[in-house]
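The following blocks contain the structures, represented as structure tokens.
Below, chain A partners chain B and then partners chain C, in two separate complexes.
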Partner chain A sequence: MRILKIILIILLLIPKISFADDQLERNKITKNLRCLICQGQSVYDSDSDFANSMKILVDKKLEEGLSENQIYDFFKEKYGEWILYEPSLNKNTYILWILPILIFLLGGAIILKKLKFKN
Partner chain B sequence: MKDRLIPSIIIISFIIIFLIFYKGLQETNIYTPKSEIKKDIPIFSSVKFDTKENINSSEIFNSNKFYLLNIWASWCVPCRQEHSYLMRLSENNKITLIGLNYKDNFNNAQNFLTKLGNPYETILLDEDGTISIEWGAYGVPETFLIHKNKIVAKYIGPLNEKLINEINSIIK
Partner chain C sequence: MIYSVVGYYALILGLISGSILTYFSVQNFRNSVILDTKILSLSFLQLFFVVISFFGLVLSFVVSDFSNETVFNNSHTTKPLFYKITGTWGNHEGSLLLWLLVLTLFVFIFLLRTNNQSIKYKILTTIFQQIIIIGFFIFLLKTSNPFNYLFPIPEEGLGLNPILQDPALAIHPPILYLGYVGSSIIFSSALAATSLRMVSGSWATHIKNWTLVSWIFLTLGILLGSIWAYYELGWGGFWFWDPVENVSLMPWLALTTLLHCILVLEKRSILTSWVIILSITTFTLSMCGTFLVRSGILNSVHTFANDPERGLFILIFLFVLIFISLFIFFFFHKEDQKNSINLFWLSKESAIILNNWFMMYFLSVVLIGTVYPIFLDVISSEKISVGPPFYHKLIIPFLIPFLIAMAIGPQMKWIKSNLESKKILIFLLFISILISYLVVKNFDKNLLVNTILISSAFYLFFITVRDFFTKKFKNISQNIAHFGFSLLILSILFNNLLSSEVIANLKIGESYENSKFKIILEDVNQRSEKNYNSVVANFKIISSDGKINKMSPELRIYNQPNIVTSEADIKTSLMKDKFIVINLVQNQEYFNVRYQEKPFMLWIWVSVLLLSMGGILSFFKKRI
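Here is the complex of A and B:
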């Protein structure tokens, strides 16, 4: 009887867990997609017609078994790199990626130099 | 010398940043991706507006002639503006007009067509807006000129005299 109960609980939990996983995955993806007709909002944050359709399409693509990156590629092909909040590293975006690291290193160097100078 | 160097670097950086921002202010912030021009049309399936039967995109765009896919809705005011141009374009037998009815109410859409005329050979339904996203559209109205299963031109917003002339010169 106890085993039966445990099995029942597990069976009840499985759809919930997978549903929660899908939801998490969907939220993660839509947070990285820009709502192109809104000002400074992600698809996740927006409630516009455009964003709502995007959410439905992300769900559909997840159901079809596409991975996160495949979904990004799909939207990138339709709307260009701009739709992604996290653009991939290529010759057009390398400054964007390297600049923060450079600034960080430069700042660190200045602080170190100052500290040495004080000592 | 060293005392002057740092302030002057700071001032020069501020001037450069100011110039960049100032130039940025004057540039238009409407972003239109160049990526989808000459792209293959998406493969999708939809439901016909009048008969409600399922239809695949390959059954619609199946010949080598020009097609014009127009995304419209009865609630969209600019769609009313461009409708007379679409009616005129539908008289040209070199082009087939396909309508994609976007997030609309069936009765309203039908009233719209009875009142203003139906320029479309086929009308498809896009109830949840996902087909429009497959096309890379932003909203309504939006129009795609298709030739040999490729998007030749894309028009965001209502069509006007100038754009109709442009379409006519392409399909000539």
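Here is the complex of A and C:
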């Protein structure tokens, strides 16, 4: 218990650190964009000419004051859904997003039906 | 030339011995008083031929015999000997020969080591395994012969992709395959046991060891692949949710589930159907993975050269295996209806069923995320990408109850138990939440989610640590594995939260500075090796506390094939990795420099090692 107290005291004393970074926003966005000319790499990970010009474009859009989602929409309109690593929820992707949850519920139902739990 | 010829004929002899072996096995199965000694000898002979064939290919690589098409496509005279050898499995044909080697090796060891099971069971397992083996022999000979002859003989080979010329990746395929393909024996014996209606507690004890072996190798194999991706792909990540990575994760998830529920079968003789389904699923997922990777329908960093004919063959073969499995399962398997399964809420078996439920969910997320884009493309020709955000969103919320259950589950006893020392369990939960809150409040993002997530990981961490003291050596393997998992999740989370990175364009003599460090590009020199030339950039990194580090990332220009790779320089320490990599920007004098500080990287690797340590200890437990 004493050790825990010491840990707690140390933790309480840690000063608040700021992790704001000018590149953070851009990195986050480019990680969610696919480099279209690469094999399975994100724009962030790639150093191809395409990816580099995309990075500059993202910077430009950020400077113009677009939000993260607006930037995604911009790229989606330009290049299609393929460029986004997070598929948006629409009629094409209902199954993708919902099926795992359904399987989870179904699994629970099967367990409850097949096995009898007692207290 | 001679090695290729020997290798090729050894392969044909291997196929023939497989056919004879199957014939004798069927004969022996009909009147099985004693095990025909021919079966073991033929299995050995088959293994022997595959080993010869494999060494035939290795030697063709060693002597750079370019009359062999595989060698021509994947090797070069200037390559170091080590990479000539490992190049053997760094390609489609060679890696399939490795598949075959593992398949034949496992059935031979199975025959040799299985002593306390019925003769019929041993023979039937051999027959099922031979069906797989023969299928792969035909696949290899028909679509992917590693010994194709080239004439006129080329002077020089095309070389091995430089990113594959790496020590971790050299041993990654063999280790991974021992797990990946090793699961075939679980598949075969599950089918055999089902056909003979002998799925029972004692069978579970017997098959548990095979599951453990596959699981340990698969875990280590994935670890090696991940370490390789971390330093070789050049951008400091270690898991990309890339389809090919997912394909190795899926059998791992299935194996982990099997490993847990096999304990229930062993102790309580229940869940027979479920164990069979899981055993079949594991290998089917391995086959699916092979199909997805080799057919070329995936867009991945890892894709080898591929062609549709191969994909079609594996797909048909896969369907045959699934059909056989389903037939055997529905025709032979009779669930024991007499004693309906009664469980107590608070019992080890309930906890394991909870584990299985969640594991199956994780598996379905990975499976659907990997396969769905392909289906959508086929059906509506609309292309979508499913990347990290999808997996994170669907997995992380479920990870929280999973971690807590993982902490509490092992506190239970079989059949019926009371939660002892409830106070300490609740106290530790409270402590975990408090610590997490205090840590997370220092960051500006996602306070609530991170606090809950980190608390649940800390909870598992504290409880497993406590168990080391209270339980001592009882269940030590399980505890080490669970402890390793908590450490893994914690390291990944803190790595994610605390990593910082900078991307800058620097010329020689220039520097970049922010509040935490200063990066100076001091000079650049050139180096020449046998198979590549390299440009080494020397950096000085000054941290805010005044510590100075020298780091020298490299650009390698390989001569054959002509590819430029970036070699990161990584300084690993106990608490954090410093990672720097440079890239060339065309027609510019500056380098694109990427510098990252990544805390707890080492702990990610250590925790996976601990996970597999748990498995290894469990494997040897009975023998100590």
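By definition in this document, the second predicted complex is superposed on the first by the 88 of 119 C-alpha atoms of A that agree within 3 Å, B and C clash if a C-alpha of one lies under 4 Å from a C-alpha of the other, contacts with A are read in each partner's own complex, and residues count from 1 in each chain.
Note that in this section contacts are C-beta pairs under 8 Å (C-beta built on N, C-alpha and C of every residue); 3 or more make two chains touch, one makes a residue touch a chain.
Every value quoted in this text rests on a predicted model; they were computed, and no experiment measured them.
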First, second, both or neither for A:94, with chain B first and chain C second: neither
First (chain B), second (chain C), both or neither touched by A:60: first
Touching partner for A:36 - first (chain B), second (chain C), both, neither: first
Contacts of A:49 with chain B and chain C, given as first, second, both or neither: both
Greater chain A contact set [chain C / chain B]: C
Which of chain B and chain C A:108 touches, first, second, both or neither: second
Contacts of A:80 with chain B and chain C, given as first, second, both or neither: both
Chain A residues contacted in one complex by chain B, in the other by chain C: 49, 52, 80, 82
Interfacial residue positions of chain A with respect to chain C in the complex: 4, 7-8, 11-12, 14, 16-21, 23, 27, 31-32, 34, 39-42, 44-45, 47, 49, 52, 80-87, 92-93, 95-97, 99-101, 103-104, 107-108, 111, 114-119
Chain B to chain A touching residues, read off their complex: 31, 33-36, 39, 103, 128-130, 132-136, 138-139
For the chain C and chain A complex, residues of the former touching the latter: 233, 235, 237, 240, 242-243, 298-303, 340-345, 350, 353, 357, 360-361, 364-365, 368-369, 372, 376, 380, 382-390, 393-394, 398, 431, 434-435, 438-439, 441-444, 498, 500-503, 566, 583, 585-586, 592
Residue ranges of chain A in contact with chain B within the complex: 36-37, 49-50, 52-54, 56-57, 60, 76-80, 82
